[in-house]
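The two complexes that follow have chain A in common; it is paired with chain B in the first and with chain C in the second.
Now for the complex of A and B:
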């Protein structure tokens, strides 16, 4: 184990890391968007998002490899499962807790309970070992000294397409209504917007995004029962770095996170990824508590 | 025998983690996801300190490839482990705890937990990697090594009992009262002149220190420290124990630790290798169900076997208190009638001056260039229609909202830009329109929170001078009771504020304001929502306060009340001061009347 990877970064290494940074950053941007859609609208610290992520991957690979469903269909089923699960958690757990006057800490703790029970249930069913989505190996492309795969391209394209879609939807009726609810729940209710419906909508969209992220991840790597924890943490970090409630900049913060993590590979080994992100969060909280892209609060 | 001792030890480790975490989660209302990380830091610290020193050229018997330790004796190493855990915790928590939103701490501790487990697994040359740091020397007592569970259980048992006593006493002490205040209404704790960041950082450090102790004992008992014993699952298990047992209730925590701790051996027997997964499912679901159907936990905060202690206290207080509300005490120093006092007063003296105060929210000028003074011993009312900026002005004066422009001078010294707690300490305190009382605390505790200069709230003094603290706390409770007597609420001193009527809550809020000892009192709608019979009562209390020489500024909608109480009124509309004068003069002006009544 080396603390410092190969000293003296060559230009080709840096270029490769920039390309990986774009891929990783796009993935984190998607995570940030997904968490932000839910958090900025509902203010629920939806930690069970980690379970939704895991569930999407396992439903897809379960239907594909156990039931033998064609892979594209299996992925669609996985995404549907993510949306259904996310919305169910909102309807069955959060909504009833909100009605009985639970604090946001209380709702978070319930969410934490789901995030621990769910993946363990998956482990009991599928076992603790990694499982792959049966998609075969991607094509490898080499441009100069930089290499990347089909899945890298898919990750970048799909992530930004989804993010663009969500941002474009902000102009729609539903989008405007969610912005209204996130700004002032009571006042929105007074002008005839149903916050309950908007919450369900936010959970549906957020779950679709996190499910897509899970599928993108399993194209490249094996799914494990605990796979959801780290991405959801990164999604939250992006959301908070962007400034709470700032949906537009959350993907940008995610992208920066991915870039920083990847480029830190010039000096640090991969195992320090989380440490780098933690450091970034720590410093950002001290120097820019209002969010990295926000002007100082007036 | 050894088997059962081992199970008992495991349960007691869980108890130590959860008891100390309860101080944070239950009493303070903040969540740490990193309790296991501090548990681990304690374990690795004791390991590195007690393992034998490496001798050059001689391979020592570490199966994990770690060169060696510092060769310390056991107990000094335990002490350092506690300190290291507590110090790391305090350092990482400060940026998150300086904020009111609890989510920052959750996020920060979650990230810290993951980083710590990852580093434990990857910094092989220090930690021994995934297989762990081993062999760590066993714990020693009076020169004897303790290896068998039946021996270790005694040491761990003593540590657990000490932890229980420590956490219980801290929680029920004046310091614990501040923590509960932070949980209920952090801004209100600041408004009565107390800082809230330091108590939060201290309690976070204490919780981590106890976890460090548990970790040190754990590592020397198992003679190994490995990452999987200190991962996020363990942190969440500790949270589940706290929630299940009942927040702010150490007895509940003990019961829940036994219940969840016994899951391990039972599941081992039932499902073997899948035990840990089943355990996760069970306590995860338990967490969801408890939060959904019984958020106060198995044994709620104000119940449980130890409640007789509180009952006794309650009875004592009730006996010493007079029964009837109407027998209200007069404010000390209050002259018989307010008018007499005002007449005999010398030339008016400006206590507070507000100059050019302005604040915009987006495009809306909430307050614009507001300038006025408060005179000693007078009641000044801020009047004006809804949305005139009266409450915002209070918020700007006390710096609860940072003004765009403007200066505030109190007794000749500038207080512009000072924090709300510092302003309260300098003698100006405010109440809130919505009360902001500490709902799950008694009326007496609500008021006691505001008594200034409480050295008994310092957890260090609390530990080293318990007798002094007891004496001081008696005095504080006595002063708090006197403040309640001034508003006629002493009979309800031990009632939880949540169980009081709205009008009574408003009176408790006034008592709390009086208890700060501040000379300048800002009252935000003291009678809104109070029934008419009690309004008279509030008017009497306020005029008594004036007679006692307090300077009062109040926001009030009732013209009747302003006419009866206020010496002077400042008329605000759309954030501007339109006029000043007696209420009669102002109401004689047709233009103002129209604005006020919307005619």
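Now for the complex of A and C:
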């Protein structure tokens, strides 16, 4: 395998990488939005998000392939499971820890614990091997020299539709309330917003998004018990690239991340993907710790 | 439920009796009792650390009360949530974070009326506040944290008014604004109380500015109310600090 490819990459390769970048970027944008919705509002390092991701995929493929439920219904059940799980973690674990005065480090460690124990549980039930969602093979389209599949189109459309939906909800009563809680928790309580309810709302929305991402992922690739860690990590990186608390730009940061990773394929082998992502985070945190975009009103 | 009468003969808007309250096991308020009538401005004076802010937070339900009662408009609200106190017509304006700095002026005012479901009522209140403080209309789309200190204070009052508050708890409204604006700000609080029957519990270091607009004064030391007297009596006194 070549590590550094020829400097003069062919135009068709570049074009293909741009298209892959759009697909990957849309997926990362969804991850960024999902993590940002939860983190900017609740300030919880919700690593157990990785378990929610994995659970959504396994519940969907479990109900479809083991119970024989129709695939669309199975996906809906998987998404519901994600929301229920995310909200349950907030209510049962985080809320009671907050009430007993646990530090944010303590809450983070509990979350990390769930993100390790959860996938282990899934491995005990389903085994360590990859499992596919029974969706069949997608149609392959070729435009000029560029190829893409039905699932690529689905990924792009679904990701941006969900992101658009969440951003549109910011104008609603609940959306405004969650912006307020993320901007100033104490004052939010003083104007009569219950931060507890907004936390539940943030976990429900964030879990729905991460569950959707997991389903989109398993359209293309096999689910494994440890599938959740990397996407959640990338979601956090997008959140930090965008500048913490800046929900509007988190998906944009995710998109840039996916695009850069894909285009780095012109010069670098795929094996360097993760290094590129962390390199980008490293540089951004030094050069622009407030986020890579110009700061605007929330 | 017990209803007490104040000097003006009207029912007290707020009655606190024997409040004990603190952070964790450490109690800050040992015995705080006070009353506020309709349209009355009551100022709590005391040193730093006397428990003035804690008292306001306890009255507003931001801190759980260990013992004692809080009665608002004749209803015992000691154990009710902050949100329901806001719906009941109470507001609290913090000394340090009284506005959403990252949001626009307009968003701030909208959030002030978060508990108001009726959009017509919200629009009416917004119009009234724009009349009172035209600068908040002119700078509606400005990011609140980028306005001057005085404008931010006006916004904090506007935010409280948007909730429909009839009882405002104001913590150090003069903090960080120019002395000339302090008088203006306090005059508009006085006007609101006179014209709209607004009741105010004021915590203020700037005694000179607070007394002229106050009806009554409470002296708080080490979590206990030492003395209560009319603002006129307090003004006549030139040895406030000897009380402490």
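Rule of thumb we're sticking to: the second predicted complex is superposed on the first by the 289 of 298 C-alpha atoms of A that agree within 3 Å, B and C clash if a C-alpha of one lies under 4 Å from a C-alpha of the other, contacts with A are read in each partner's own complex, and residues count from 1 in each chain.
Criterion: a contact is a pair of C-beta atoms (placed from the backbone, for glycine too) under 8 Å apart; a residue touches a chain by one contact, two chains touch by 3 or more.
These numbers come from a predicted model, not from an experiment.
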Three-chain arrangement built on chain A, chain B and chain C clash or fit: clash
Partner chain in contact with A:194 - chain B first, chain C second, else both or neither: second
Most chain A residues touched (candidates chain B, chain C): B
First (chain B), second (chain C), both or neither touched by A:176: second
First, second, both or neither for A:112, with chain B first and chain C second: first
Touching partner for A:184 - first (chain B), second (chain C), both, neither: second
Overlapping segment of chain B (options 19-27, 343-351, 361-369 or 451-459) - the one that collides with chain C in the superposed model: 361-369
Chain C-contacting residues of chain A that also contact chain B: 297-298
Chain C partner contacts - residues on chain A that touch it in the complex: 173, 176-177, 179-180, 183-184, 186-194, 245, 297-298
Contact footprint of chain B on chain A as seen in their complex: 1, 45, 93, 96-97, 102, 104-110, 112-121, 123-124, 128, 229-230, 233, 236-237, 240, 244, 271-272, 274-275, 277-278, 281-282, 285-286, 289, 297-298
Interface residues, chain B side, partner chain A - complex: 29, 31, 92, 95-96, 98-99, 101-104, 106-108, 110-112, 114-115, 118-119, 121-125, 129, 232-233, 236, 239-240, 243, 274, 277-289, 291-292, 295, 360, 402, 404
Residues of chain C that touch chain A when the two form their complex: 60, 62, 81-83, 86-87, 91-94, 97-104, 107, 110-112, 114-115, 143, 159, 163
